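Following: one structure in structure tokens, then a few remarks.
We just call them A, B, C, D and E in the order they show up, numbering each chain from 1.
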Amino acid sequence: QGSQPIIGLITKTDTNPFFVKMKEGAQKEATRLGAKLMTGAGKSDGDNAGQVTAIENMVAAGAKTILITPSDSKAIVPAIAKARAAGVMVIALDSPTEPASAVDALFATNNYNAGLLIGQWAKKTMGSKKAVIATLDLFPGQPVGIARHNGFLEGFGVAGVTSKSMSQVNTSVACAQDSFGDQAKGQTAMENCLQKNPDINLVYTINEPAAAGAYQALKAAGKEKDVLIVSVDGGCAGVRNVEAGVIGATSQQYPLKMASMGVAAGVNYAKTGKKVSGYTDTGVNLITNKPAAGVKSQTGKYGLANCWGQ
Amino acid sequence: MSAAEKLHAHPTATGMSAAPLVMEARGLIKRYGHVTAINGADFELRPAEILAVIGDNGAGKSSLIKALSGALIPDEGQIFLEGKPVSFRSPIDARREGIETVYQDLAVAPAMTIAENLFLGREILRPGPLAKLLKIIDKKKMLDEATRHMQGLQFAIKSMSQPVETLSGGQRQGVAVARSAAFARHVVIMDEPTAALGVREGNMVLDLIRQVRDKGLPVILISHNMPHVFEISDRIHVHRMGKRAALLNPQKISMADTVSVMTGAIRPEDLSADVLAH
Amino acid sequence: MTQPTTAPPAKSGFQMPSLSTLGPLIALLLACIFFATQSDRFLTGNTLSLVLKQISYVAVLAIGQTLIILTAGIDLSCGVIMALGSMVMTKLAVEQGVPAVLAILLGLALTTVIGGLNGVLITRLRLPPFIATLGMYGIVFATTQIYSNAQTINNLPPALNFLGNTFNVLGVPFTFGAVLMVLLFALAWFFLGSTATGRHVYALGNNPEAVRLSGIFTDRLLIGVYATAGLFYGIAALILVGRVGAGDPNAGQTENLESITAAVLGGTSLFGGRGNVLGTLLGAIIVGVFRVGLTLAGVNSVYQVLITGILIILAVATDQFSRRKS
Amino acid sequence: MTQPTTAPPAKSGFQMPSLSTLGPLIALLLACIFFATQSDRFLTGNTLSLVLKQISYVAVLAIGQTLIILTAGIDLSCGVIMALGSMVMTKLAVEQGVPAVLAILLGLALTTVIGGLNGVLITRLRLPPFIATLGMYGIVFATTQIYSNAQTINNLPPALNFLGNTFNVLGVPFTFGAVLMVLLFALAWFFLGSTATGRHVYALGNNPEAVRLSGIFTDRLLIGVYATAGLFYGIAALILVGRVGAGDPNAGQTENLESITAAVLGGTSLFGGRGNVLGTLLGAIIVGVFRVGLTLAGVNSVYQVLITGILIILAVATDQFSRRKS
Amino acid sequence: MSAAEKLHAHPTATGMSAAPLVMEARGLIKRYGHVTAINGADFELRPAEILAVIGDNGAGKSSLIKALSGALIPDEGQIFLEGKPVSFRSPIDARREGIETVYQDLAVAPAMTIAENLFLGREILRPGPLAKLLKIIDKKKMLDEATRHMQGLQFAIKSMSQPVETLSGGQRQGVAVARSAAFARHVVIMDEPTAALGVREGNMVLDLIRQVRDKGLPVILISHNMPHVFEISDRIHVHRMGKRAALLNPQKISMADTVSVMTGAIRPEDLSADVLAH
């Protein structure tokens, strides 16, 4: 056990399938390369203190490489700095830290870009039809939620959106509700939005479970045919929903790739002492079976072949 | 109960004889940390008698009767019911044997009504097998019965559907007393049932105790009220420092001497034999 | 200041619930009037239907929670027990090919057993309910994640979806789950008010010593209460599955506080022995009305949180005020 | 079954804490022995240092929570009050250019006032503490998000980072925040055990009517307790800021349950009047040791949740068992 | 107090006269829903007298003295202290005026020690300005003082650092009585202080009451124990159905007649004038 390199993986939560898959990917790679993987997580999305604690404990347990999906891109920085000062290589997965230089390397997709893609696609697909938009967001103050939401709005061509500020709700959004990325809560949010404005015809969702909830609510109201749903993640269940026409388009991300790259880098560091650096974009692909002109996309088949989850 | 009966042979052994003892205890001990609440106490109860238990505050009277009613498990000693050794692990065991108790701290559920408190644990159910299965209570009948039970005790209580917490101290006591009298089948134990009662109400409770006795049930009465004790009891068990100091005959001994025995001013050994009860 | 001193003496629930649920009712009415002025879409049958279906599973959890709170207990594990139940039902039916009805029964049996286990920890090991159910929360939550591999189960057979189906009354659609919820409240109300065991539940929260001394098996009663609560959690799981149309392993993480909130908003004392399960229904409806009403009023999500906080305080303050006057 | 009947009578905290904190101590020792067998890195000074610094801010929250629970109250808003305090301190200092010490003082003043506001709601409007602080949770959480615009504040001046700095004892680094936490526990212990006001806090949870009848201003006392708790939350905010090195608007959302857990694990009764603040420290340490120990033992994070659940139950069961024997 | 003093002019108006009344109440009313607990009650207390208040259970005695001690705010009526109208909004107001009360339900904090209960709200602080500021209590001195206060009452209590919940019913009563006697500066009110007490302990409390009176403080004693009442009281206030029915002179009237007045068997109007007190 002594010579076996220890690699720590800290996700935002234990429960999101996205992170569960990331852990599986890491575990597979670690087993293949003969490394020992430790996992930790915050208690909930946004639990920075829990991630700080996990970093400390992994350093104490002798991890030489820590892979982390930061819940709070800024607040995690000082803790990462302490770990790096103790000789640990820290790689951010999925989302960057601020400043990006706080970690040795970043293997990620750009959540803002993921939002941007579905925004552009929605704009083209809606065409001349006047969009009445509902957004089912994560919950107040979530950086990932803000990035995807704002990216979507900018992609859709709403003026004055920046990547920085809080979720922007202006006249262009008819109803903005929190879904907590949860199917039941997404459904509730959609129901309420429909009650508020029955003319809603475009729904942005923070992830695919929320999209499934939104669809459920639309179906109950008999509107599933008239409303376009766009989402982010690219999990297998989500891509199947694209195939089934439930979701119009989703931005697919690649957590397994991030994780296995991270583990491989960690093992390499343990063997050679060479750290990785810089930003490696693990990519994002728009998955849809109704491509829109001028927006690069992949088919549902491609999505299923590359999706994570079951 | 006649004087002749009172002189009936008294078992000296540990309840092995066929003597007519309803309840008997030998060598009960209960310790709380440093405090020994019961310190080798003996106890005897005859059929259809009113046995008064008296003693200073903290003498261990409540602890003794808690042991007899299963509310407290003694560290040592043995309890006999009708000559048979029993060991009550909980008040349920004692209740099963038909022993009903009025506890000094009353043990009522304050937010619940008088009727509900009276019938707690033996609610009147509606007729019919479904009602029995689901244990559906007959609220009207419970209210009526409660009124009937409390009729003997004119405590100026307006309604049986009043929560107990709205009653005066004495009225609450009345509820607890009525409960025990109504349901006992074997032995009634009352820990200071008249303590908070007025003159009129106290006399009503004494009447009730007599009625219970006349039904053939023995009554254990803990009381600090000497006139009450002398008015009603057949024998007096004097408790002192955790054990029985003497067993007195209230028809022979004076109130003053009794108090002296109780407070330790007279040693029991110095009493003449004829004032002792057997 | 603390509940036992301020709660009015008449709240034992023996009589009709009129008095004890008056306060929350007033608060609800005031809220409705307010929302009606904010949106003309508020006062419609559809809003009622929405509120009922949205609260249905939390409200059923809250029935179990109320039973437990009445005994002076608390259950932090209710939501995750529901989640485990829903995963067992859906996974058995969809992946293991168990007939749907059997899968449902197995799920219900499991949640009942876990609820009973809480009761055993509390009575036999004498753990404070807070600790026993907090520990259970961790155990059940992790078990759900491990069992489901954090994967949502879709493509449910019709029997599992049934409670999510709707029927129309005067053109307004109601889900069967919402109807079941209302029925369960009626049942619980009858049980608590009109059966001997129900009265013992109140007495237990009032003065456990008195209950013990009156010869009732308090341990057995308490285990029964926790197991019954577990059964309600299982039914909530079924309603949740029907509503969402999927088995969601991430459900149930915040529902413990939500169900306690419904009970306390409805006037149940956390110190036990006082309260009314119909109050809990009102409490759940109040929260649901706030959510729908604020959305209809076009309030931003952060501000919804803010205003809901204020409204909760106002609702109970109204309640207290109406009691002091009467 | 419920706490008031099972709690031993001797737990009033007047004497030395020896007896009442014995149970949790045994549980802690057993856990340590277990972890020592699982990892040879466990029994080191570094582990102690880690545990202390990781629990420091929750433990300080738990001091305030314990004060409140002793009065038979509960505070669900403690964590978000801390978060708001930390945002005010950091935002004022970093963005508004307020001198760091002044920013800290303003933050402390704010959390104290909010805590006091909880007390006012509970005493003047007679709200149950659960409801008052639940409403306050929503209000404060939303205010924090709006005030901070959900943005984390970095680049703190040294005064705000100070409590995160370390000093070495025998080669083991300890943070000043951890030291401050231990000092605060000593202070609270002295206050509760040796001052008239502290004894009144116990009496209030024991029998509020008796306290009122003995001529103590119970409302004023209760408001004071909630305000003092607020002050502790402010100090926790400062420790948090020092520990994380940033102002994090999303902090504090689960710390209410964590602080209650620490108090109850440490033997404080949720029904008030019985408990000991040193027990709370032990409770917090137990949770911290579980977390570090399980990580060192290489347990997967989901399984950590599972095992922590089991350990919490075992810890308190040990406690109850040791009490029954004595 | 001499008979001459007792015949002293008695104010018929609402306390406007300079009569030596320590406490007076006129037309107090308190309703609880349908129940009227106090129904237009009058009340008078003279300096250094022991005034017994007697009455049936539920007559409203406890409610009356709760109104006098600020624990209950009457719906109507006026209370005078030394002739000046007062309106107590809380027990704190009454305590400020030096009025100490033993409540029937005792009002103790069960988990706290005897010493702490005795000194609740007026703890003995350590010397020194810092200790005063922080209100640091002097535990040792409190224990010693508690032992001293309880010395008059030999209740067989082992230690003053025992939690009150471990005491027997009578011992708890002793704690409450000792507290009021130790701290009163103006009036002592005791609601059934001897109810749970043994013969010996009851006499000790009577002694204590006499000592308080001899210090010059008037005592209001609610009791159902007629021998105690006749042994110790200077005047008897008979309470019936929420109001004062009569004011009797225990040296002139018999116990039997008193009980008859109390229970309503004799109408107060039918009493001869010389048994009335003024």
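Everything that follows uses one rule, which is that a contact is a pair of C-beta atoms (placed from the backbone, for glycine too) under 8 Å apart; a residue touches a chain by one contact, two chains touch by 3 or more.
Note that the structure is a prediction, hence the values are computed from the model and not measured.
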Task: Number of hops, chain D to chain E, where each hop joins two touching chains - done: 1
Task: Distance between chain centroids, defined by C-alpha means - chain A, chain B (Å) - done: 73
Open item on the list: Measuring centre to centre with CA averages, how many angstrom lie between chain B and chain D?
Closed with: 49
TODO: Report the inter-chain centroid distance for chain C and chain D in whole angstrom, where each centroid is the mean of the CA atoms.
DONE: 29
TODO: For chain D, write out the residues touching at least two other chains, lowest number first.
DONE: 141-142, 145, 209, 302, 305
Task: Per-residue multi-chain contacts in chain E, two or more chains - done: 166
- [ ] Pull out every residue in chain A that's touching 2 or more other chains.
- [x] 14, 44, 140-141, 166
Task: Interchain contacts, given as pairs of chains that touch - done: A-C, A-D, B-C, B-E, C-D, D-E
- [ ] Can you check the complex and tell me which residues of chain D touch chain E?
- [x] 9-12, 14-15, 194-197, 199-200, 202-203, 206-207, 209-217, 273-274
- [ ] Can you check the complex and tell me which residues of chain A touch chain D?
- [x] 11, 14, 36, 38-41, 43-44, 46-49, 52-54, 56-58, 60-62, 71-75, 77-79, 81, 98, 140-143, 146, 164-166
Task: Parts of chain C lying in touch with chain D, wherever the complex brings them together - done: 1-6, 71-74, 76, 121-123, 125-132, 134-143, 145-146, 204-205, 208-209, 218-219, 222, 257, 260-261, 264-265, 269-272, 302-303, 305-306, 308-313, 316-317, 320, 324
- [ ] Can you check the complex and tell me which residues of chain E touch chain B?
- [x] 32, 34-35, 54-59, 62, 104-105, 155-158, 166-171, 173-174, 192, 195-202, 224-227, 259, 262-263
Open item on the list: Which residues of chain E touch chain D once you look at their complex with the stated criterion?
Closed with: 71, 90-92, 95-96, 101, 103, 107-113, 116-117, 120-121, 123, 125, 134-137, 139, 161, 163, 165-166
